[in-house]
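Please go over the structures that come below.
First chain A sits with chain B, and in the next complex the same chain sits with chain C.
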Partner chain A sequence: MNRKPFLLLVICMGFLTGCWDRVELNDISIVTGLAVDKGKEMKYKLTVEIVNASQFSKSQMGGEASPAITYSLEGNSVSELVHKMNIGITRRLIFSHTRVLYIGEEVAKEGVLEFLDYLDRSGQFRNDFNIVITQGEKAEVFTKITYPVQKVPSLKMHKQTQSFIEEWGGDPGVRLTDFISAVTSLGRNPVAAAIKLKGDPKKGSSSENNQSLDIESLVEMNGMAVFQDDKLVGFLDLTDTRNYYWTQELKNTSLSVPCAKQDEAKSRDQLFNDLRVTETYTQLKVDLKSGRPVLKVKITGETRIEATQCPDDITKIETYNKFEKQTNEFVANEIQKTIEKVQEEYGADIFGFGEVFNRQHHKEYKKVEKNWDEVFAQAEVEVESDLHLRRSGIRAKSFISEIPKQD
Partner chain B sequence: MKNILVEKLSLWQLFILIFIFEIGSAAVVSTGNDAKQDAWIALGVAMIFGLGIGLFFHFLLSRAPGKNLFEIFQLCLGKWMGGALIIMYILYFIYIASRVLRDFCELITSFIFEQTPVEFVAITMVVVIIYMLYLGIEVMGRTSEIFIPYFFSFIIIIGIAVFISGEMEFTNLLPILGEGIKPVVKAVFPQLLTFPFGELIAFTLIIPYTSEFKKSKKIILLAVFASGLILIYNAILQIATLGVQMRARSNFPLLSSAREISLLEFIERVDLIVVFIVMYGIIIKVGVFFYGALKGLELLSKRPYRMHVVPLGAIITFLSVKISDNFAEHIEEGLIVVPMFLHIPFQFILPLLILPILLWKTKKSKEGRE
Partner chain C sequence: MKLFGSTFLRKKNKNRGKSTEEELFQQQDITKYYSRQVDENKKHLGELFKGTFDFKCESIKIGGLKGYITYISTMINKNELSNRVLQAATNRQTDQSFRDMVEMRELYFPSIDYKVSKNFHQVVWSVLNGEVVIMVDGYMEALTLDIGLPQQRAISEPSTQTIIRGPKEGFVEALPVNIQLVRKRLKNPRLRFEVFQIGSDSKTNVALGYINDIVNEDLLCEVRERINKVDVGALLDSGNVEEFIADKSFTPFPLVYNTERPDSVCGHLLEGKMAIIVDGSPFVLTVPTLFVDFFQASEDYYQPFIMASFVRMVRYSSFMIALLLPSLYVAISTFHHELMPTQLLISIQAQREGVPFPAVIEIMIMELSFEVLREAGVRMPRVVGQTVSIVGALVIGQAAVEAGLVSNVLVIVVAFTAIASFVSPIYNFSIATRLLRFVVIFSASFMGLYGVLLFLIMMVIHLVSLRSFGIPYLAPVAPFRPKDQDDVFIRMPIWKNKKRPSYLYPKTPVRIKDQYKPGPPKPMGDQR
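Let's turn to the complex of A and B:
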């Protein structure tokens, strides 16, 4: 009897199947959100948000069970808690589809972000989830606010920031590696998105929240959090966040630029041009002026008129030039204000001017590297905006300029 | 010694073997970290030295045509002294083969199979290598001929894919030579010089068996040059994607860079093609060192090397697991102890010492003939 083929088969079975680390689909639960709060007795309180996958299969669209489950535990390290979650949950947790990491304000303020090492080190987490700092409420609350279109809270949050960045840009677009390299870099301080809750947290956690038109509780974007090294020092509002993101990698945004000269009048009495900015590109530079660094921002891009409230005749070249000039002044002023605000209030270089300085003038940077933030806070800022107004939608003259004037 | 098979490698196969051998593990573990953002410059400098090293080894072999390094040892130092030296080299090759194997096992167990015992990964790999070497070095050459298109195109594709995903920031490469030439020199000597370029020493046992020895010089230079270019490309890719600090903190930077690939939010998680590159690179690298050790045993025992394949494979597997207790030990030994105390003596000092004797001996024999 020839036993050779049989033996070979058995040997192959041992070597060719990768079944040592197999994970069956019905043994796992997919985690979409993680929330880290300060614990009462121990260092952290970790909340995981797990998708209830059966709610999404067509055959069981009952709508009775909740779209996601959350569960919290307290402990001294996130990694231990992650593996301990089965105290209350049936299946093994899989983190590769994590969408949002919520960090409580308290945790961030005390600078206990050591748990990020676990996310960085473990191969399970991809580098594609949002990092948000929660304002007002504890982080865990935000994993429990459902929404009719995207029922799972973190999926909603992720989609929301993504759309927001593409449309207007009020999110710093920070990912884990960005955050960590900003923490370790001397020439840059980290930022993270900030969110707040509108409405009653209790009501949001029930799927009844999805049944009314005026949603009773909703998670809103609220600008961004500014860090000094690894400690949270404050927040910036949405406009400043957009301006910050403009210095980084903003692509599209919208502006309302006053078309008459900005005078004492209140903004509600003014007339505005509504401009859509597309394809913008920003260059950061640090030049030396008599030995002192000058921070330079140069913005280029295209704009188009989406609407105008002004009576000017848009068919004329002068009007285009006038609007263009107004826009550039407006944008330069906006960005300048934001940078100066950060310089005064926080003195933390979140823009990465230090890194730019290092690349341009390595030797000079080395001298001030240790106290770069102080140098940054006192440095002069120059913003140059070079946006081009290209077109004006499907109408030429605005009807506003055609309104017959009756005196 | 009549039953020993004479094997022949074609020049193209030699080129591929050297190419894959050089890239194999060097592309994956972080190399040249001392030079920070100038790691790619350091690699370029090391490559130029690598060309010199290749020339040197070829010159050594050309003095005694048809003889491999071990036979040259015996020629120069006689049976006993030469034999002792060969035994040392055999141990060196076995040790390096197990180190390289361990590199791969660490990668697999920390990235993909977290629960799988490291022994199992090692055994699986060695079984393949044993099978390949049992059939002979020619088989290794031919297998590489089949795999080279994938190997090469995957490396190139990773870079392009990361670039298209918009994850590369070439400003990470600045400032160029900001700290002057010093860090580059520090990275080149001794680390980059010995690994991967000095490791060409293992090829002194293969080059004599190429079909056209005279043309092999050009091939060696070409292969070292091509692999150097790929390594530079790789270093630029890693630094631009991860940044200097992140690269230095990554155990396997190429894998970490490949994780950033996200094309059209659809083609993601392609880091496994890096594992393919590493896997094939490691097979060749372990295979070549393994073959070196086998050739030594063949010469000493006067029996065909195929007899030694299985026992030696078992030893390499065992060693690769036992060689160090943990990853830190493995890497620190690899960066500090091994280059200073193993690579430099075995790759440079001993061949350099043997050179005058060889020149003297060959001169004498030539004169004798005349």
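Let's turn to the complex of A and C:
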């Protein structure tokens, strides 16, 4: 066999394809956060947050340089701005490590599709960054608030979101593809996390912020933003966000369930059971009741007592049954309230009931597809909670029940 | 069973080796025939060995007849000579006559290994071989006595294939000792050793060992034929034979296995392979050789099989690490930044801050300096060993990083690669990885992971094209043989390993017939 042509081909394969996307680590800057605001004159103002890597080297530590640099430019499209950043920045930017996309409230109200297309299309961005809507301040401010542990603001934000979702669930956990598929689906409206600033934005932007124990300015999770199609219509607070996430993919959370029958008394005077919910799973269903859709949520899962303030004797099975019943009523009520609140205030189906309805009753859904959000807003809601109380930590009887009564 | 097509059918002139011998003697103008006149023989020998101080040809009287005893004094054991040969020959009270050399030996040297030489060149041969030749006037033949060689290097632990548990004997330079080391482990009458003399100048003895009722006949013929074909001036090490008998020279992968360990040779013989022992070399070759052989240490069979299997996996993965780690570093750090976790990327970038070279130059500098260090470490006199290691560790490692010429993480990569490359139990297999590593770094430097993948594809294509004595180099894996998998990536317990590898087509494919599984005896009365 004559191998020469084959060898020639192989050599060509190397020299004709090589090197075009080669870039040394010394020639790049890692972008960890992007912030989109409304521009003063032009459509957008884009802020990039770049890691100053030399600050993270053990040997070159000691410099007072900042852990990250931000730079803003105004322009009419995000993609153009991304490539124009070298007006002020020395190195080529790489976006594959973008962790957070901050979207200013003003921009979100006008619609986000126009620049999300670039992020979706370019291939430079990964899908695993958080989309957050900034409340109160402009988005660019949030790329400048340092934190002592994760010194890069966006890395802090990303880590915080992840931990929060796993521990309590007060974040909708929205990724770019989730957002886009929610926008394109008629049976679902998109959501995004919301954050706010606590403290003075000016003080937060210098690394001195990291030197005091009581951090002067801090980015906090603040529930979530509700969209109607691609436009921001309002916000939900943290508890509602948790309840929303419970209908989606929540795994763990914590509850404080009043032991006594809920009455008009103020919550600070009541006694509570502190429960940890684990391995919970939620099923959404839409049933038809005399031609009208009924939204059904069924929650299953396990709980354990983390602490109890109640005097009941938890060595007895009756107490367990009682607590379980209280918990299920409490949870069902909570989630019911959240869904009803969304129905009343925004009339936007962020839960994806439309998609469920479509799967279950395709023909009926097709009839109402066009105005599903209106149908959703008027639909009846039924929440069923089936949480089981399994364990009570490493104590059986609480020492509270053993304290001798004073009177 | 016809395995390898026409290569086995080619019949070769088996006397080729001998005919070259004769030619050689003719060139040197030596009489071919041994003369009845013993003085004539002495004269010829004297001419041939003229100016050789250690050549001795002393007169002796045996059975009342005139004779000569001929040897090279540096090649023989002098004590043995005087105690066993000279005393026996001279202390006889009554001279007994004898019909021929065999009878003479029976009378005078009954305890000594002997040969009868009928040709003059055989006599020369024996003398050169360190044997004592007794020529007696009036006989058409000479008696050759093998009284053993002078002091040899003692059998010691193998220096290249060390072991924690298992026999610590290693081969030495002397062929008989090496054969003995194998024989005493396999007391099987069918264990055979054929001897070839190779090398027109060196006349080195090469022994081909095999177990007759295991080894495949066709394979044996092929090996014999290839050894016969070896045509070289002097055979100084088994490495020379290796180059001649390998199926292909243009490959970085060794196609012949070599070992210093007798137990490892025995293991291979029992699988149906053949051993080639070259006089003067402590490295014994075994053929046919497979890729997977280089990942099996003999210790695997002496340690618990779970541990051995784990260690084997470690070996395979460190082969990949030694081959690919530097190139993956180059590829990912210059092409695919998105593949690294953010924190890792930041810390690598922080370390590379201020390094003036591109990653590929950086890694080439380090890899080359490591190669230099390694070569220096092997060649230099032991006495200066410390100097090199200190200079190497400090200058290359620490100072280069502190001077900002290379980054810390790169030193880790190079060091880990180097350590991983030492994991292979057979040294010359790691040469392949050393060499290919540079190719793949180069390929990765301008094509990224695509280049690495391209390289791997080419390497696998090359590997499957290789044959060792007609057996596919990747044998139990490609072509895949499910039944032979019990000793490849994992080692099954010895009591499970009942079959010899089928890719060697052994005559008796089964090692042990009866099924036995260790365990406590069954309780009495349990009829199951």
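FYI, the second predicted complex is superposed on the first by the 387 of 407 C-alpha atoms of A that agree within 3 Å, B and C clash if a C-alpha of one lies under 4 Å from a C-alpha of the other, contacts with A are read in each partner's own complex, and residues count from 1 in each chain.
Going forward, a residue touches a chain if its C-beta (ideal position, glycine included) is under 8 Å from a C-beta of that chain, and two chains touch if they have at least 3 such contacts.
Bear in mind the structure is a predicted one, so any value in this text is a computation, not a measurement.
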{"item": "Partners on chain A (chain B, chain C) - clash or fit", "value": "fit"}
{"item": "Which superposed partner A:Q283 touches (first chain B, second chain C, both, neither)", "value": "neither"}
{"item": "Superposed model, chain A: greater residue contact from chain B or chain C", "value": "C"}
{"item": "Partner chain in contact with A:N321 - chain B first, chain C second, else both or neither", "value": "neither"}
{"item": "Vertex chain A, arms to chain B and chain C (CA centres, degrees, nearest 10)", "value": "50"}
{"item": "Contacts of A:T184 with chain B and chain C, given as first, second, both or neither", "value": "first"}
{"item": "Chain B versus chain C as contact partner of A:Q211, first or second or both or neither", "value": "neither"}
{"item": "A:R99 touches, of chain B and chain C: first, second, both or neither?", "value": "second"}
{"item": "First, second, both or neither for A:D21, with chain B first and chain C second", "value": "both"}
{"item": "Partner chain in contact with A:R126 - chain B first, chain C second, else both or neither", "value": "both"}
{"item": "First, second, both or neither for A:N358, with chain B first and chain C second", "value": "first"}
{"item": "Minimum C-alpha spacing, chains overlaid - chain B and chain C, in Å", "value": "5"}
{"item": "Overlap of chain C and chain B interfaces on chain A (superposed complexes)", "value": "18, 21, 126"}
{"item": "Chain A partner contacts - residues on chain B that touch it in the complex", "value": "110-117, 120, 124, 127, 171, 174-175, 178-179, 242-243, 245-246, 259-260, 262, 268-269"}
{"item": "Chain A - residues contacting chain B, complex", "value": "15, 18, 20-21, 123, 126-128, 177, 180-181, 184-185, 358-360, 362-363"}
{"item": "Touch list for chain A against partner chain C, complex", "value": "10, 13-14, 17-19, 21-26, 28, 30, 32, 51, 53-57, 59-60, 94, 96-97, 99, 126, 155"}
{"item": "In the complex with chain A, residue positions of chain C that touch it", "value": "333-335, 337-338, 342-343, 345-355, 358-359, 408, 443, 446-448, 450-451, 454, 458"}
